[in-house]
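Dropping a structure here in structure tokens format, bear with me for questions.
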Amino acid sequence: MVDVGAKDITVRTATARAFVAMSSAVLTALPNNPKGDPLEVARIAGISAAKKTSDLIPLCHQIPLTHVELQFRTQQDGVEITATAATVARTGVEMEALTAASIAALTIYDMTKALDKGIEIRHVQLVEKTGGKSGTYRRHSSESRKTRDAPDRGPEDRK
Amino acid sequence: MVDVGAKDITVRTATARAFVAMSSAVLTALPNNPKGDPLEVARIAGISAAKKTSDLIPLCHQIPLTHVELQFRTQQDGVEITATAATVARTGVEMEALTAASIAALTIYDMTKALDKGIEIRHVQLVEKTGGKSGTYRRHSSESRKTRDAPDRGPEDRK
Amino acid sequence: MVDVGAKDITVRTATARAFVAMSSAVLTALPNNPKGDPLEVARIAGISAAKKTSDLIPLCHQIPLTHVELQFRTQQDGVEITATAATVARTGVEMEALTAASIAALTIYDMTKALDKGIEIRHVQLVEKTGGKSGTYRRHSSESRKTRDAPDRGPEDRK
Amino acid sequence: MVDVGAKDITVRTATARAFVAMSSAVLTALPNNPKGDPLEVARIAGISAAKKTSDLIPLCHQIPLTHVELQFRTQQDGVEITATAATVARTGVEMEALTAASIAALTIYDMTKALDKGIEIRHVQLVEKTGGKSGTYRRHSSESRKTRDAPDRGPEDRK
Amino acid sequence: MVDVGAKDITVRTATARAFVAMSSAVLTALPNNPKGDPLEVARIAGISAAKKTSDLIPLCHQIPLTHVELQFRTQQDGVEITATAATVARTGVEMEALTAASIAALTIYDMTKALDKGIEIRHVQLVEKTGGKSGTYRRHSSESRKTRDAPDRGPEDRK
Amino acid sequence: MVDVGAKDITVRTATARAFVAMSSAVLTALPNNPKGDPLEVARIAGISAAKKTSDLIPLCHQIPLTHVELQFRTQQDGVEITATAATVARTGVEMEALTAASIAALTIYDMTKALDKGIEIRHVQLVEKTGGKSGTYRRHSSESRKTRDAPDRGPEDRK
């Protein structure tokens, strides 16, 4: 585990994204899931997972998060998850945001897999980070657009 | 958490896959990572995560796994992770295999993010499951081919 | 930790209850909590806690639960939580049901404490257990009525 | 999880209480428990649980505690548990104190349930908190007295 | 993680030992530790650790223990810890017994380190295992004697 | 858990050591272990365990580590593990370094036990600590030499 003892304590944030691709039939059935609202369960799972990041990713430092938030946007071909994490610490929270988004995505999979085992999690990516010595990172807008416009999810995926 | 008390105890297996897309420069640098071999650290992280699945996914049952295995295949544009889990239990291990693959992928991200924050995790998907009342599921070969041939990772992704 | 190796593997269930006493103002505000629906978050917290029982209660055995369920009944002076756990194992799940009810109650407290720090958790109790050598236990109806009629929560508690 | 990044780092303490109501026969048998001293096991369980609060209560922040202490007072009709937690952090430790008291109470239940399954945990409540923007909170003495004088645990409870 | 799916479910036990070497001054002070009885705290820590073995040792299977027990024997030059674990499962519990003994030893260290940082944990070893395909293993009596007679803890250790 | 709220936040480090005694046959077979490289798996296990110390040792404070590192030195009669931990906190990290060394040692045991169940973990000890009110501690060189020269591991151990 890298030595971060000499790093400055600064405000650090990170935003990550994941996309759960599913058929429109599964999407339509989301609010009627007999096990509970998949997006609300996924929100709780994502927040809890963010706090466990250093227990899951072997070389991650233990970082007390000051904030975690997950948002879900239902799109035509799936659910886009955006997770934001923040801290005031010696190292960044990219892994916390990515872990929150990933586990939230897996939770949606778990709650809908009875309907369709072909659901796929795509585009788990860091969207932005701020703070620390390396400063701000923002994913290229062309890359962002790929997710929004989904050029790499062709028509064969939507049927 | 769904009642599985009346289900049969049978051998159940599941295989999941994830793809960590990265530039060839990052791929080439993988074996020289100062923090350790990313694929070996990811393998351990994936196995450990499989055992924590019920702690991460709120409605997952606690399943004692009889076997977990991760394999890594370095390709031209990234690393393909295949995770297999098995049990002799009342419910399946799809989530265990998917969690192992996802956390292994996040671990590779963690160990290479200093080189490139644009790395993306793609195609987290169930490849196969066996056992239980619903029997065997195999992802359509056309879908499998998508991952192998990567038709949805166009040239714009590789640059 | 008591040796249960010679005990029979049988179906075992347990139902526990907890009551979160709060003012009608706090009760009315429950559905509008800015942090999410307290009862849904409590439900997830209770299920997750049931699975962690052997990690929380030092001498509890590790029991793979086949079922966990929480129900919430809003009453005039608070929220009644009923948690049910089940397994097919060598020892009972009373502690799992009680832990689920207790952590769900604490979660409701956590989500409403900004409104009223005087909220109190009462009557954490085992309502019923079945299975195992000692067979079925059912709390006396007079004791049950106490919770329903709340004779020990006088008028001074309700104001 | 609420954003506490802008809050001041101050000393924060909290004291919580729980009451484990049991018959005098069970109380008398406490020191002779074959599994160990229930109060000592409960003390360890409470301290350990305080450190796991953010893993149990979904929206709780991770707070490094500077101090946890549990005290047990055997009374005529049960055991009163008082748990104190302290930190130097951006948010309070009410949930840590309440979790410590609750899990200690459940541990006593676990160690005595072979004698009496009717044992009940009552009056899990915050007694005091200090520090932070909202300053000091102290439970009304009338409410405190209720616990001390036990007016709401009538004779019918003791029989 | 090795595939144990085809192994037989049998009763399996394991006994492990650890020795915490300390000066007689520290030994004499053990019962008066202001933080609690070190041996009782170590007993609870050892039992809890046994249940976490598969979370600590990466390639260990998750094994529901039917029994865990720790015994402490105060000797002239330290405390001998004996930990026994049992299960009815597809693989053995050697690591569970060894983990229990090791964490109990570390707990004793933690509670006495204020008096003497030179305390040393020695002879963490498997004493016996039963069950499974490989059957019974018993450490050679000559090796056992080494611990009892402590021939490898020379006079220089005792001063 | 001792109150450390009034202690100074300073840089604190600790180095601990453990020795895994094994026959030269087992030592020679180490790099060819079918389950993976035991020393690399042990390194990851040790780092992960250091982060869990407060969950394993009941009265340990939760300390966010700024650094953990493990080194392995293969000797004639076994593997010497050196674990270093660091923090900037109110209390020391001796237990974190000792826990890392112990769990790394147990992991090596786990991965080689199929070859030899007689492997023994010895000399788990604190080598050095710095920082805090009590300042620097260094194990006596005579004691250190014991480990290096291994006078207490006689020829009878090597056979």
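In this document, chain identifiers A, B, C, D, E and F correspond to the written order of the chains, with residue numbering beginning at 1 in each.
Keep in mind that, in the parts below, a contact is a pair of C-beta atoms (placed from the backbone, for glycine too) under 8 Å apart; a residue touches a chain by one contact, two chains touch by 3 or more.
Computed from a predicted structure; not experimentally measured.
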Chains contacting each of chain C and chain D, listed by label: A, E
Chain whose mean Cα position lies farthest from chain B: D
Chain whose mean Cα position lies farthest from chain C: F
Fitted rotation between chain B and its twin chain D in degrees, CA, nearest 5: 180
Centre distance in Å when chain C and chain E are each reduced to the mean of their C-alpha atoms: 36
Cα-centroid distance, chain A relative to chain C, in whole angstrom: 31
Junction residues of chain A - those touching two or more other chains: 2, 36, 41, 44-45, 48, 52, 55, 58-59, 64
Pairs of chains in contact (touch as defined earlier), listed by label: A-B, A-C, A-D, A-F, B-C, B-E, B-F, C-D, C-E, D-E, D-F, E-F
Sites on chain F touched by chain B in the complex: 36-37, 40-41, 43-45, 48
Interface residues, chain F side, partner chain E - complex: 2, 35-36, 41, 44-45, 48-49, 52, 55-60, 94-95, 98-99, 102-103, 105-107, 109-111, 113, 117-126, 129, 137, 139-140, 142-143, 146, 151-154, 156-157
Interfacial residue positions of chain D with respect to chain A in the complex: 1-5, 54-55, 58-59, 61-64, 89-90
Chain B-touching residues of chain C, taken from the complex the two chains share: 11, 44, 47-48, 51-52, 64-69, 86-88
